[in-house]
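Two complexes come next, and they have one chain in common, subunit A, joined by subunit B in the first and subunit C in the second.
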Partner chain A sequence: MSKSQLRSIVTDIIKSIAPDEDLSSLDPEKPLRAQIDLDSMDFLDIVMELRVRYNIDVPEADYPQLNSLASTVNYLMPRMQGV
Partner chain B sequence: MGSPLRYNVLVIGAGMSGLAAAIRLAHFGKKVAVLERHDRVGGLNSYYSLNGYDLDVGLHAVTNFAPRGASTSALSKIFRQLRIKPENFDLSPQKKSRIAFPGVTLEFTNDFACLEEEVAKNFPSQKDRFRKLVEAIRNADPYHPSAERRSAREAVSSVISEPLLAEMLLAPLMYYGNAMEDDMDYRQFVIMFQSIYLEGFARPRRGVREILDSLLNRLDESGGELKLESGVREILVENGKVYGVKLMDDSRIECDSVLSSIGLLETIAICPESSRREKKPAEGKLAFMESINILDSSPVELGMEHAITFFSNRENFSFRKPEEPVDVNDGVICVPDNFSYGEPLNCNMVRITNKADYAYWENINPMENLPRKRDWHSRSIEGAADYMPDIRDKIKFLDVFTPRTVRRYTGHINGAVYGSPDKVWSGGTALPNLFLCGTDQGFLGIIGAMLSGISIANQYLLK
Partner chain C sequence: MHNSRIVITGIGLTAPNGNSLPEFRKALLEGKSGVAKFETRYMGELIAGVCDFDDLRYQKKKAVRRGTRAGSIGIYCAQEAVKDAGLTVEDAGRDRVGVYLGITEHGNVETENEVYKISQFNYDTKFWTHHHNPRTVANAPAGEVTLNMGITGPHLCIGAACAAGNLGLVHGAQMLRLDECDLALAGGVSESIHTFGIFASFRAQNALAHNEEPAKASRPFAADRNGIVISEGGCVFALERLEDALARSAKIYGEVVGHASNSDASDFVLPEPKRQAECMELALRRAGIEPDDIDIISTHGTGTQLGDQQECAAINSIFAQCDDTCVNNTKSLIGHAMGSAGALELAGNLPSFEDGLVHPTINLENPDPDCDIKNMIIDTPFPKKNIDFILNNAFGMLGINSVVIVKRFDA
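Here is the complex of A and B:
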């Protein structure tokens, strides 16, 4: 799966949780929560959507790696092979 | 996965909290069914039709109304958590409301500055004190498990030195979500203060049906099931764990966990004797009479310009079970026409709520029920005479419900709409896979109820 495919997987999830946020101008390197209004409940939902949609379990210790769009994509890359 | 009738979670009660919990669970792939004993959903916030009128029970207004984009509000949390579009609730903001006590009126709108100005104007000595109280409330996190448990009356009077102002601020919050007599849990006070004063009131044009329809659509889309007329007779327990429920028709359904939204005592009553807690929680005592009056002319033209009026004829507001059948000396008047709908509603409805004594209404001779209701309805309008016109000769449709009605349709002991004063904030019970949400978990009000279902589902059932 390519980086851009992964990126749209992640933004689709965020869009489903926070449809009122504008994701078009997201800077992939900057922390997501500095750019859009995501509280801790929303963040946990991203993790849960990854589990339900793609069967990917993100342990709590790895949450910091979902900080920005780019780091999330890098984190998911090896885990999404074959999905 | 065993027999096809085995569920991950069975939710008891299809009110706001049970439906919200079930949506979360179904959305994340749990096999879930909501069991409702009545023939319709809603619980304490339900609806019915009579003489061609579509009527609501419970809900006067949705609290926590915040303009679009204010995503830190409880309401927008609910929209996000349930994946519901805000427009689906079709909320229109109130025009204005008021708290009216002898000689003093505080108006408020969904703009908090209005209440601040009213307090400063009517209680000049309290201006800074009020600001200090609000500051503390804004900084409090009542949902946090370690939130301090204290008396709201003490907390308020430690800052506000004018007793009348303290009473006036407390009255609406107690009426809209307090199970305790005379006082209020500070956490609940904070939740209600935020939801009513700092945020505000709104209403769907179609009333509670709009909200329930949205919840049912989402439940259906997510794959959750709803079983109406499926009252639970017993929660089945073996080796200290719940394994299913037995319905009123004696059929059984198996499950991994049960989430009960029907109230703490009401849940204990359907658990086996052996699994009950040592200490019995207190019964709720606060019950209400409500009249729905549809007039032959517009209440707004009769001078009723507030969406909600909280009134008291006494300076000392008394929030306890009355000695007489109905306490007509304070109450709540709701005029659904006074919200800013895209197109005016003109339903000409006036709803009046007063505290009532459950025992009187439960034990009344059935032949006396209707005449007594009529009599107390009439006295209730007389009691509100300083705050509304005498509408008695303008009523073309009237329905009155009492605590007995509430008991019959919701199953709440004593018809106590806000449940037991002993709340279970953790949502846990003596059984490891039986959880509580809704009224007796502790978050009250319509938005609180949904948040309750969501947070208990998240905390225990979506791990």
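Here is the complex of A and C:
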């Protein structure tokens, strides 16, 4: 799976959780919560959607890795191989 | 404690046949049913009353997704009620607004959805949502209203089975008298059609209506009735103390002059006409009026064999000699909107004070001889002179009875 494919997957998940947001101009390097309206419950929704859709469990200690779009993609890349 | 008179100054509602009071009233006068076919998980196609209000009028998509259907119904109705009252939450004072919503139940829909979801994962509970608790706490629908509208006064839901719509209103009136708030947003909501359990339970009780034509399925008091049509809906009244309403020259729909509640203490599901009659008599006493002062009795009748007969017995024990008292049934048009039923059915009758019409009951071509009740208005609106008092019944399981009497307000 390429980085762009993975970025698209993550963006789809965020879109489903924050459907009112315009994600087209997201800066992948900046924290997600600094750019769009995402609170802690939304963040847990992202974790849940990764579990439901791709059977990936993100332990609480790794939550900081999901800070930005780029860091999320980097974190998921090795875990999504073979999915 | 204020000894104030309480008046209705705004109404927001969604019913299966209307998303505002004018739409709802028009449908009731035209005998237009809001009952339709409805697909339900596990049980396939059933019949229900479904609302089509615009849930994005007052909420963002994320809020709809995060919250509950009952919350969205409550928000729509509360926002519409405040607007109809010619107020804003800021005008009233954020901390002086109270939200009191009657519910038949809350949490079944959200719990069933999660159980279904984890069933797709071999019941692994790690797939259970973190939204479950905030969605299912018993104050959720009222709490969602405060979150949406920025209300910082008190809020709670009143769990009262199918008497909840009346008792939400009653609770709001009482909180105004206790000076807990200056504006009470009070009524009832129901999302129950979105869980299969309520349909399955009524079916197991042989009390779920079925009919080839959905609009003919809700048949309270008819000889050929076969049960309840379950509906969703909501109705919120803006209630104020009379002096406050007069001070701002508010439109007044009516004055809440009498109310009562009691318990059958006899059975989980079967009603007790003696207690229902006592409840109506107590409300009449508190209103300081006699039975023949009542112009319209808005019945609770749901379409069950015994329930309809018992209510008729209760009404006849008080009103048999009242030649000018008219009777109608709103559930024949919208089904049983559960926690919102009492509030919706009262709201649908309130315009009678202005238009002088009693809305009809439908599907009553063949009345049950054991539901013999005088002056039932059938199929066609009945013009009645000097409509001054409406009595609204709402009864529920575990033997909870409620009666509200509203009087026309003349300045």
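Quick note on the criterion: the second predicted complex is superposed on the first by the 83 of 83 C-alpha atoms of A that agree within 3 Å, B and C clash if a C-alpha of one lies under 4 Å from a C-alpha of the other, contacts with A are read in each partner's own complex, and residues count from 1 in each chain.
As a working rule, contacts are C-beta pairs under 8 Å (C-beta built on N, C-alpha and C of every residue); 3 or more make two chains touch, one makes a residue touch a chain.
Every value quoted in this text rests on a predicted model; they were computed, and no experiment measured them.
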### Query
For A:Met41, is the partner it touches subunit B (first), subunit C (second), both, or none of the two (neither)?
both
#### Entry: Which superposed partner A:Val52 touches (first subunit B, second subunit C, both, neither)
both
### Task
Kindly classify A:Asp20 by the partners it touches after superposition: subunit B alone (first), subunit C alone (second), both, or neither?
both
### Task
Take the contacts of subunit A with subunit B and those with subunit C, and give the residues found in both.
17-20, 37, 41-42, 44-45, 48, 51-52
### Query
Across the complex, what residues on subunit B touch subunit A?
28-29, 68-69, 71-72, 76-77, 80-81, 83, 85-86, 458, 462
#### Entry: Residue ranges of subunit C touching subunit A (in the complex, touch as defined)
60-62, 65-66, 121, 126-127, 129-131
### Task
Please give the residue numbers of subunit A that touch subunit C in the complex, ascending.
17-20, 37, 41-42, 44-45, 48, 51-52, 57
### subunit B partner contacts - residues on subunit A that touch it in the complex
16-21, 37, 39, 41-42, 44-45, 48, 51-52
